[in-house]
């Protein structure tokens, strides 16, 4: 059962991923990305990583993709116009490189590999996956957890700084660069 | 202390004073300083020679080491002076003739703006020349050797505003340098194998160090002789001397007739020990000398510039001296050197007097009939001409006869014959000069006629003095005395040490007389023909000239030797130099250097093309990088 | 259990698709989405390894990665929005003021 | 009692002077000039007692100073002097003073910076000659490039930037490989003895097998050959000289080029005697080519400075020949040639500078008949020229003679070829002199040129004195330098012997040696 | 349940830097509740104080060795060295920003908050002993930098730079993360010590998972330090960013990248050094050569310095290739030296910027050397130092790097390196040519000398010269700092 499910989910994942990068319409791409994330969440569940599966749905498929869609809508983007020799060349090279990477990875792994040590039962602790993760997060992973908070803070601040409306320092978009001989900033601003 | 150093120091002091006091000296002061220093040097030299003569014959060597010049490892060179009979003769000739010419110059250069500079150079020359003759080692000799070359350069180019003079000065220096190249190599060889450059020590050691006729000594002797050919204007390096006539005439007299050009002869004579160890070299000296004597004489036949005729005659006479040395008659060579100094200086000074009188006219074709209008000059010139033609009892006869006798005696019949023929030609062209200048109708330009005047006493007095010497100077070499003549005996201590000295065969008295007759006859024939051609039937000259037009042109153009040298050496070198610079240096060597820079800039420009500004490109290269790294590990 | 190689292969394929997406697309937003695909491929690998080794560490790492991804998205989208405001384009091949 | 750090004082006094200069008002021209001259002359005064105080015969370094510098690396601040460096130090101080005085009227703008750089350059040069620690030597060697580069680049002629950059890059390209060799030597020393040291004495004491010397020598030789400069690494020189301001040319010719030959004498030959001997034919061949080639190319130069520059190539070829004669005469000759070339070529550049100031041209064709308006100038020029072509009685003769003599004793053919350079030097110099000084005045503007001023006469006076002094009485110089030269020869011979013995009975190679041996080859080639 | 280890007082100091930086950043944001006038320097002052406190805290316990948070955070000489370095870099950057951001009208509290956050990210990268925290630290730093690069959001160049930096940075993060995943798979851990212990006990260095993982990890770090071929973002991002940010990131981000790279390489890859050395050798060669050669023809000063910073990454990589404590200490030494000379150079560019795009072309420098002698002198020293000419710190840095490489037997690499430094001299000289050898065009530019910027230049100049003459202090520090690492 599980393998069948896995194959199905994997197929959805691969196909939707492909469509993300193939489809001309960014909105469609985004929706396929949501699909891909959801199928990934399914795979996580199959791998008995319930917590991660849930978070995947909530954070990724939910929050992140909503943000994407919001931006796409906000920018009111239509179909990507993709034509011309340069793009064709780039596309060809891109696909070839992607194939090369996969083949190389496969060849490398085909040489026989091993994973690290197995800690029997480590993944199925008493009290369930989520509780165990919670405990770990606040004990062993306290330090990265704290860093994460800073990361989020920075992202927040950064997003606001960059995307906030026209502040005093933002010239009217898409204003051409002022002429070279523009007057120097007012003296009091130069301190 | 023998005080030998004072002799060269005197003119040097004059140079220094001249430089220090500058124009404050005034003309008279300059003249007094210059002549006085040389006169004093002469006096000191006479005293020194007198002292030398006091010594027993086999100890007649005065040496004095003033200071060590340089001492590096086993190499030492001193400021050391040596007075032996040979250098005594030279010192006396140099200071004596030099003094006369200094006196003469006070008159001759009387109106020149650079009066002071002239005497500065002249005194400097005296210093160098005296250093040359009094040096007790090769290196100090070389100092004088190059020093006289320098002064020669400066004095030839004295009238520097004349391009020809400047050119001639440079030519003289460069050709001399070629000779010096040989001299240097000779010195190196001698030191490398002989271990010293000191004359006495080297000559004493030479027979033990250098195997007779061995390659080393042959090389050394030949190399030294190359130096001599440069300084003494022998084939193939004689070309500078005729051009050197661009200098003021007293200079020609002093440097390019009496003293400097004989330095080569002196050097060969000084090194007779070495040359006698190298028969091949000695033979070369003889052959080159004979060839030059004959060759230069033929050129002298067709020259119209009075000084150039004299210059070629100098070359020719120097050839005689080398001829003497080459056949082992070193004493005869020195003898001729001395007499030649007298009569050739006289000839030049006389010519100078003529030129002076004719307002700087030097072309024989525009002279003539001056005999009675410049009586003193004429008389003295005639004496000198007779002397060079080898007519007894004038000085030249004795010395030239001795050379020819020496050549004959040593079995060099070819050399002897060349000498005789040369004597005929010499007599002919010298009298051609005499006739064209002093006899026959006047061909003077109106201008020259107008200013014509006999020279001032300061010029005439040296002429007279030299005329006296040109007559009597040879008498110390009166032949057929037991044990050699006076000069021979005087020089004997120097020359008898050599390996070849003993081998010199004595001539039977009859042969000697016969040779003498031949020699005199040669001179007379030349004179008579000259009179016949140029005075009695002036048309003959033109007739001959048209008849042998090709030969005449050949001689007039000096066998085109200058042109040959120019085409064979000067031009190829200049072309090579230009090619080195324009092509090799700029294109290849520097081109490579700049090419490296250009290559880098080209690569830079290409690399910049990759930096397209597109994120896609950057990601592409990123991915290619990753793929390449993976590939690297796949391969291993 | 799902064999680890299958999972790894899947992860690799998704990663490669993400890479290809970055390389072939010109829309900055789609490129960004492709990058998200790459991150998810990595996440899949983490979870797969964690599952194979019966360890929880991998899952926790995924949690952190998601946080980071969210943060990146915030900043990235802000930049893209600003880009669009300034130039009215999100096509990266129209943006090369800076080059050479 | 603490010895007064005389050498450090010597090295850094000009730098201090330069720093003070930098604080002077930029427009106080007189003050700046006077101060610069005072510093330069004071430096001469400080260095002059070395002439007497140095005991030539005493082995080892004198007035040595040694302090830890980078203890972690084993580099020390080690200064010391022997006869060789003493003469070069004096040459440097005297020529710098002369150059400063000579620049008074030539430098019209930014005089403050000019003199400051000139003095800083002096520090660099003195440091190079006095350093006994290879790292310190290298630091001075490279640091000295900066002021020279700026001197050429800022105050130079129309193509000054090209010339300055070429000078800098060319020299640097050579010296970085020397740095690699220095470091290699350092590690070898550490591996062999366990002591980390850049000290010259320590490295002198370290025997090197012949096989190891090869590329080390080449790296050193390359750096020095560029500086000398030897054919075919010489093309930076004409460019640098032509473009440099007069004082820069003077220092460049007089002192900087000597660093190359000094490097051979102090480092390349004694440190790597076996390789040195092995490459002797090549080096001598290049030196001989340089002698002839430099002279020939000089002959056809239309620009006076370029002519003098190429003549330097020729003269320095003699220097190299003397060194590689490897005998006392050759060494002594080469040493004297360094000084002589410094004096006479320095004077030549000053002379060209004098005329350039008056006419703003250096083209030979622009002149002719200068003797008439400028008799004193012409006379000085004459003397200097004679010194340059090695006329006996002037300094040039002594050194060329000794070099040729030394070369002849080693290999007569060398001397034969080199001596032909003596002819060529006369050709190009006299021809130039003829075209510039003799003949009628061909350009009207040359009629009324001013002859040497008093200041200019003062500039040339010391040089003329040196020309004659070293020509007539070279012995005081020889006495001071010969013991050191002999020791160098001896050292080279000893080290060659030790190296050969080492090759016969190889000691276990140090770790660095094996590692380095393994690493030679393209980095990716190892499995 | 993993018990929390007891925190000792020393740990408080050790963590003090991180805490101070985080608190400082937040404080800056909070202070915005109390508005000040536009030209205020409050942000800068608070930042400086924060950095001072952070530095002082770590300095206070500089000799302590602590392993915290289950071994994820390590306080050792290496950490101390880099923390101090980052604080110093940030402090110099703050001083350079002081007037610059007022002039360019980006004087906002967020600027300094982000700058401190980025510094915090760097500190974390250096102090981390776990791939996850390294990754997080890197992301923290990167996110802050993306924003800082695009801080002049009205400016096309700034935005473009941010976009490129961001897209490529995220792309690289993907590779990095995938690499961490592989390593995790191969060893079952992300902790460096555990990983090293695991590898030591098994012949697994040839494990394809491990190899692929390490390789992708290198790729990610290679991006951060701008190693070829992962360098292409550098010139664009450096050119577009506000110059003060360029200065900061060219020194700080690179040093942080190397800090993480060094820790990983020395701990994890040391056992397989021979496998990796050839690879790194080629990357080093490419990085030096491409960086230097491409810089040759640049006319924009910032862009030129960007390429130069690529080349300098190559020199540090030489030290990394040499490996061992020697290599590490050389890398540390070089990074410190490089940071200050580069900050100085960019600092001068900061001062010279004019026009809306703050662009400084080589031609704009014409005559600068004589109009502003001290500025010219400083720039000359920085350029020569970057070129590795004695007596400057750059020379000592190169000397040390090449000497350890030579000691490790990397003769060809060293030769390539020194030849590269010759090539680099060419474009560094171009700056001096412009300053001293070209006649100025147009009106002389009045340069607004702020005291903070002047102080920053004095500090960087002083250090550049001091370490060029007396490098032993820094040398000893660098050598001691890596002792505990292995």
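Letters A, B, C, D and E mark the chains as written, and numbering starts fresh at 1 in each.
We adopt the following convention: a residue touches a chain if its C-beta (ideal position, glycine included) is under 8 Å from a C-beta of that chain, and two chains touch if they have at least 3 such contacts.
Computed from a predicted structure; not experimentally measured.
K.L.:
Considering only chains that satisfy the touch condition with chain A, which of them also satisfy it with chain B?
P.N.:
Looking at chain B and chain A together, the chains touching each of them are C, E.
K.L.:
What pair of chains has the most C-beta pairs in contact?
P.N.:
Here the largest contact count links A-C.
K.L.:
Measuring from CA centroids, which chain ends up nearest the centre of the complete protein set?
P.N.:
D
K.L.:
Could you put a whole-Å number on the gap between the CA centroids of chain C and chain E?
P.N.:
That pair's centroid distance is 26 Å.
K.L.:
So how far apart, in whole Å, are chain C and chain D when each is placed at the average of its C-alpha atoms?
P.N.:
Taking the average C-alpha coordinate of chain C and of chain D, the gap between them is 63 Å.
K.L.:
Chain D to chain E: how many Å between their CA centres?
P.N.:
42
K.L.:
I'd like the Å distance between the centres of chain B and chain C, where a centre is the mean of that chain's Cα atoms.
P.N.:
96
K.L.:
Multi-chain contacts only, two chains or more: what residues does chain E have there?
P.N.:
132, 136, 139, 143, 146-147, 150, 153-154, 156, 162-164, 167, 171, 175, 184-185, 188-189, 211-212, 235-236, 278, 426
K.L.:
Could you tell me which residues belong to chain C and also touch two or more other chains?
P.N.:
Touching at least two other chains: 8, 15, 18-19, 22-23, 26, 28, 31-32, 48-49, 52-53, 55, 57, 64, 68, 71-72, 75, 79-80, 82, 86-87, 92-93, 95-100.
K.L.:
Any chance you could list the residues of chain D touching two or more other chains?
P.N.:
In chain D, residues 169 touch at least two other chains, as defined above.
K.L.:
Where do chains touch, given as pairs?
P.N.:
All chain pairs meeting the touch criterion are A-B, A-C, A-E, B-C, B-D, B-E, C-E, D-E.
K.L.:
Taking the complex as given, what residues does chain B use to touch chain E?
P.N.:
Counting only chain B, the residues touching chain E are 597, 600-601, 603-605, 607-608, 610-611, 613, 615, 617-619, 621-622, 624-626, 628-630, 632-633, 636.
K.L.:
Show me the residue ranges of chain E that touch chain D in the complex, using the header's touch definition.
P.N.:
Touch list, chain E to chain D: 274, 277-278, 281-282, 285, 370, 373, 380, 384, 389-391, 395, 399-400, 402-403, 406-415, 418-419, 421-422, 425-426, 429, 432-433, 436-437, 470-472, 475-476, 479.
K.L.:
Show which residues of chain C lie in contact with chain E when the two form their complex.
P.N.:
So the residues of chain C touching chain E come out as 8, 11, 15, 18-19, 22, 28, 31-32, 35, 38-39, 41-42, 45-46, 48-49, 52-53, 55, 57-58, 61, 64-65, 68, 71-72, 75-76, 79-80, 82-83, 86-87, 92, 95-100.
K.L.:
Report the residues of chain D in contact with chain B in the complex, numbered from low to high.
P.N.:
166, 169-170, 231-232, 234-236, 293, 296-297, 299-301, 327-329, 332-333, 369, 371-372, 386, 391-393, 397-398, 401-402, 404-405, 408-409, 412, 415-416, 419-420, 422-423, 426-427, 430-431, 433-434, 437-440, 472-475, 478, 482, 527
K.L.:
Quick check on the complex: what are the chain C residues that touch chain B?
P.N.:
19, 22-23, 26, 28, 31, 92-93, 95-100
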